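Shown below is the structure under consideration.
Residue numbering begins at 1 within each chain, and the chains themselves are lettered A, B and C in the order written.
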Amino acid sequence: MTSSDDRISAVEAELRILRDEREITRLVASYGPLVDSGDADAVAALWTSDGVYDVDGLFMQGRDDIVAMVRSRAHQDFIARGCAHFQGPVHVTVNADEATAAGYSLLILSQDSGFRVHRATAHHWRFVRTGAGWKASRRTSRALDGNSVAHALLNAAVRGLDI
Amino acid sequence: MTSSDDRISAVEAELRILRDEREITRLVASYGPLVDSGDADAVAALWTSDGVYDVDGLFMQGRDDIVAMVRSRAHQDFIARGCAHFQGPVHVTVNADEATAAGYSLLILSQDSGFRVHRATAHHWRFVRTGAGWKASRRTSRALDGNSVAHALLNAAVRGLDI
Amino acid sequence: MTSSDDRISAVEAELRILRDEREITRLVASYGPLVDSGDADAVAALWTSDGVYDVDGLFMQGRDDIVAMVRSRAHQDFIARGCAHFQGPVHVTVNADEATAAGYSLLILSQDSGFRVHRATAHHWRFVRTGAGWKASRRTSRALDGNSVAHALLNAAVRGLDI
């Protein structure tokens, strides 16, 4: 028969997984609201201080680069005309103090009549556990326009593999 | 060394957060299926009896108002032609017996050739714990068409702040 | 006063629900990345060996049928031109060794200028607990084009009812 202490240890171990996945899921779910409200510092704080944000045509490293993207003319124009960085659910795999997640986003833009899908993007996220909680160490994103890199990102991410 | 009882108490406290967030997440995830199938009473039952549902151009308070919206000609026409009230993941912050959530939805409409995005909307949800579980006490929603109120809703919601 | 063992048992029972819902949610979240990267065997392995995948105009039963769909000319053309099988959050109801989930997906296709919503679909999922974890035993999917079957699928699924 299992002792009470063993049962408690098993429960604690299982809770640790749920807690880590919850924190990472919330981090990703906060990205859209923060970037669509132009909160540049809060967006940048989702990454580690030397975190990488690698998206088609733009390679950012470090929080200053991310702040600059949010404050850029291009992003501010999206906000002013109306945009939604609509994230889907993420598939998270935690491995000790690192984690990987697969996800999608749609960039929806307002137009004269209704809205349109400007871009559908595949994401491979990497996270690390820090003293200030989980942070993104790298997000690699490619449009799903037939580019085989986007397919490779999704497949590696959902298997919990680095790229 | 931590006693068994202290360890159990810590586990119970952590489970309480996960349980509350799960219940609220399921409530939001049930909104689309209920509203797209025209289940007016079940949609209204997601709110408290005096709950507020404040969306562009329509202010509802109380379940009768919500039932009337679902049964309205406008909503029934959406259902008949084909619509999806597609919700994204929510970012939930629980504070004792109240909670706040940030989220997005897309209203997708069927048209002669395929489908189109009719509206992309930002949501600030408030919930209260009741004897019948968590209920929405207020949902404030604005289209992401450049309206700065929509940006303020998202930013407050993701920080767990009321508006 | 509740004994320590009773408290541990209550925690274990609650964790069982969270664990089951987590596993099913991850299964659904892996569908998009696997199908959009053309990983036919991994897609098929989400279903039981005699699982049913019933979608408008195509009835599949068993993993060979699902593998054939992923490898079909139609699906490979979607991948090559650029597609996202964008899943929304699912509403999961577990009942012992069976489970039901309601969900939506958007099929987004790349086109000359940006992207478009090719289809918005309602899903009624059924799962069973197997020796290899939860597997889909049936997914029934209908486009939200006004078809009343799609409405019935959503409403049954969110109530945890079979169809």
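By our rule, contacts are C-beta pairs under 8 Å (C-beta built on N, C-alpha and C of every residue); 3 or more make two chains touch, one makes a residue touch a chain.
The UniProt protein names, listed by chain, are A, B, C = SnoaL-like domain-containing protein.
If you're wondering where the values come from, they're calculated on a predicted model, not measured in any experiment.
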Legend entry - Inter-copy rotation, chain A to chain C, in degrees (Cα atoms; steps of 5): 120
Legend entry - Interface sides of chain B and chain C: same vs different residues, half threshold: different
Inset, instruction - Return the distance between the CA-based centres of chain B and chain C, expressed in whole Å. - result: 22
Inset, instruction - List, in ascending order, every residue of chain A touching at least 2 other chains. - result: 4, 8, 11, 15, 18, 88-89, 106, 116-117
Inset, instruction - Please give the residue numbers of chain B that touch chain C in the complex, ascending. - result: 4-5, 8, 11-12, 15, 18-19, 22, 25-26, 28-30, 32-34, 36-39, 79-84, 86-89, 106, 108, 110, 114-117
Inset, instruction - Within their complex, state which residues of chain A touch chain C. - result: 4, 7-8, 11, 14-15, 18, 21, 88-92, 102, 104, 106, 116-120, 122, 143-147, 151-152, 154-155, 157-158
